[in-house]
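Structures follow.
What follows is a pair of complexes built around chain A, which joins chain B in one and chain C in the other.
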Partner chain A sequence: MNAPVTNEVSQNLATYNFAYLDEQTKRMIRRAILKGIAVPGYQVPFASREMPMPYGWGTGGVQVTAAIIGSEDVLKVIDQGADDTTNAVSIRAFFAKTAGVATTTATPDATIIQTRHRIPETPLTAGQVLVYQVPIPEPLRFLEPRETETRKMHALEEYGLMHVKLYEDIARNGHIATTYAYPVKVEGRYVMDPSPTPKFDNPKMHQSEALQLFGAGREKRIYAIPPHTEVVSLDFEDHPFEIQHFDQPCAMCGAEQVYLDEVVLDDKGGRMFVCSDTHHCESRQAEGHRGALLGDDASTGKEATR
Partner chain B sequence: MSHSDTLEALAAAGIPAPVKPLLSVEGLTRVYGKRIGCADVSFDLWPGEVLAIVGESGSGKTTLLNCISSRLTPTCGTVHYRMRDGASADFYKMAEAERRYLMRTDWGFVHQNPIDGLRMTVSAGANVGERLMAVGNRHYGNIRNTAIEWLSRVEIDEDRVDDQPRTFSGGMRQRLQIARNLVTEPRLVFMDEPTGGLDVSVQARLLDLLRGLVSDLGLAVIVVTHDLAVARLLSDRMIVMKEGRVIEAGLTDRVLDDPRAPYTQLLVSSILQV
Partner chain C sequence: MTAIPQTNTVYEGGFADPVWASQTVFRALMDAMARPGSVQALSDVTVPPAPLSASASALIATLADADTPVWLDAALTKVSAVKDWIVFHTGAPVVSNPSDAAFALVAAPQNLSALNGFSLGTQEFPDRSTTIILQVSTLSDGAPLTLEGPGIKGQARVAPDPLPQHFENQWRANRAAFPRGVDLILAAPGCVAALPRSTRLVSREA
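Our next item is the complex of A and B:
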């Protein structure tokens, strides 16, 4: 997948600035990012630009990536953990073309990882930046529709309403049924929406060595979690926060304690659970780990790798 | 009404006057451009006292209530509130955070239309529990038990605790709104036409309930109503407003039985006799 810079490509794109956005815009976005880092979890408004892709496809993440990427960076893009879905492939190709940067699918090799709704299984290290694509940055949005009011609630730390949502979950389902976009409190101050990542990934945000940046293009907000920041998932004393648990290991690589996707195999009720993080699964298979399905029927297994 | 008048009135009614009022309103004025919302309103409210503000539509009752309860910023005038520590604080000089904290702990606001005061898409239990969670209660079991206890106090069946208020009747919604406000045991409650839009039998039960709660909890209440019967049932004292100004004030029974201002006489004589 690595696409090295070629003069041919950059000449063809002479009308574009490096990484698509103009320098003034990047400056503006970098200011918002710096402010976000200085106030962890606070949603910084920024003048989001039109991007050559529809809202909802990662316009916020792309703008953040464009503002921080340099020619030496190595970019990885994942979509629900996968490196090879349309969204991930196009965004990677976009930056390979407009910035001429190297791209990768290997988590440890990447300096910038743009993600839609997952955090890689391989622990991130110092110096890496994780850029989230965020559809709705406001965790209180579905409880309080007025932006003026939610901003005031953040300012005054009035977060009782967030617990009303969790209360309602328990009242209806007997347990906290929020499984993604699970609200967190950052550094004991701001309540933040971690974007629709599964709550399985919430503990990975806590004291992460990597810098985490969040971009919401349509909603025009940027927020950040600097490295080594306390990120606590909200809960009740008698209903503590829990992550998802899976009954079986990955069907392809046999990994446990990872987040699995359910894949339907046929129309007879056949299904398997595989790692949602494709790089993690592939590198485990390369190391010789085999899951139940791959041992039995290699051909079905290959199709299901997507 | 001046301070000494009120004290005199209280003494006449045989009520020992507490030394200091809970709420003091001084020269409160709100103008909308050239029009007057309410002008130069002053009164004191003592702990446990129920004050009715009456008058016809457009007389400035609701403007006054909103100005006192910080839902509207007054053009001039002051509102002093005696905090739990006994110190009197100028309400509009407080930090906004403090004001909002006061409003969701020590104060309550019962809207005429329960939809304005309830979260219609969350269960009754969560509606009652919201204030508890806002002040930092983080134990689901305790919050739920308190909610159930309050629902039974306002005569809502325990098994409705997980139902959304949109499945409730008008009277039930209004009772739920009252429970939601009283759960933090406030000392001062504002009510804007609490029985408006309810049929008479439901009104009667609600008034009965309110009277019980007010005397049990020793609440101070400011109730805005155009219904003089509600004022007579609930309130100790009343203020009559016309065109944004207070034209008469005094003990409820005195005002209703012996109205002095011509407008009050008109108002009292306009009550339909059944």
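Our next item is the complex of A and C:
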């Protein structure tokens, strides 16, 4: 008996569409996504909308997610690998409210994973879509500030400047010192910014099972990498591309070959390294893996460095 | 088999639930585009006037609006109800010059002589190209095409019919213009596949 009343009230309230964006905006974004998939690595301009969050909080990724998400989808949102930081929690709550979709923190359960600057450690599968929040989509922007020029450089496949930048890294530091937003070449054609993911994650983009979509809200660009696409990190024959290596395992779950965050413990130089991917770390702890600083089992852990 | 009832008026037969229907159709199309040659199921969510097919009309209703000029081939132009249905349900302007079109609807692919009459985009803006929706009767019983490229693990096969004349040569020319070029959407009854411009055809004799 209260249902009709509720309906009447809600009919009189200003409301928003499923997943916040209106249908025409979704159509415009969907068309951009299709072009992005057809030309892997090419940045498709789109009419980015104002979202109820400031630029820099993932408005590009949110718009891409809003355009593709359906009521059957299960959404995971990560911020630097973590499911429980402000940006991740608020975007997850945004879609739980505006689209009524199920959310999860478990990587294998998600159909759409929106990410800020990490790729999950758990390998992605064929049904999944990874949506990146991108601040500066143009890899050449810090080398050439004019959009007219960078557009021409992409058109002519003129990427010598990028190699000069990497060479200057080597000349100054003895090695390529770029550690994040490490430029990649997609399918032998477009040089692309993988968003500020650590270069540790670059190899995961290559021949991925999942579709990867990139949204830059402030810069109004969408680009994409289809599954099973060649993504090569730029390098030199005598200075091949290398990912970061850590000389100790995760202090919480003992994982090796994963990306670790450094956490300062005190003012005497104490520090620990823990998995940046919180779901990966928690599921390993649940499986009984123990790192050095977890406290309840020292048998598997090594001494933490000071 | 009972025929799908055709509507008498162009004002009927649009999406009953636009939000859900367009999202479902788009996800099928996005998966088709991301995995060239794969066949994605498409439910009949629109009832267009013949000869426009249910799947092609669902795709155009999902993609087109006032910002996207639509071009119709001769078979569709002959029936004024088709144009009226598209204009009423999408608001898209129907243009007569194929190079002006964002989307092209082709009911008789075998009569389509040239893919390069459509807009290929520019080297700076390859996205300003025409996406061609071909109405095909099958995706599995035609002459098989072997595909390679982004989105395909190893090789993929699809066998659409009918296709434009000299399709293999036309598609090679389209691929050679990369990143410029047209993208093809193959709308078959109940399913959809796609050939984005990044897809390469493998020679049959190879």
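The rule is short, and it goes like this: the second predicted complex is superposed on the first by the 280 of 306 C-alpha atoms of A that agree within 3 Å, B and C clash if a C-alpha of one lies under 4 Å from a C-alpha of the other, contacts with A are read in each partner's own complex, and residues count from 1 in each chain.
Definition applied: a residue touches a chain if its C-beta (ideal position, glycine included) is under 8 Å from a C-beta of that chain, and two chains touch if they have at least 3 such contacts.
Quick caveat, the model's predicted, so the values are computed rather than measured.
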item: Touched partner set for A:237, first chain B, second chain C, both or neither; value: first
item: Which superposed partner A:70 touches (first chain B, second chain C, both, neither); value: second
item: Contact breadth on chain A, by residue count: chain C or chain B; value: C
item: Touched partner set for A:211, first chain B, second chain C, both or neither; value: second
item: Contact residues common to both interfaces of chain A (with chain B and with chain C); value: 152, 156
item: Of chain A, residues touching chain C in the complex; value: 17-18, 23-24, 26-28, 30-40, 42, 44-45, 67-71, 151-152, 154-156, 187, 189-190, 211, 224-230
item: Touching residues on chain C, where the partner in the complex is chain A; value: 18-20, 22-24, 26-27, 29-31, 33-35, 62-65, 67-68, 102, 122-127, 129, 131, 149-153, 178-179, 183, 196-198
item: Interface residues, chain B side, partner chain A - complex; value: 96-97, 100, 104, 119, 122-123, 125-126, 129-131, 133-135, 138-141, 143-144, 161-162
item: Chain B partner contacts - residues on chain A that touch it in the complex; value: 143, 152, 156-158, 160-161, 163-165, 167-168, 170-172, 235-239
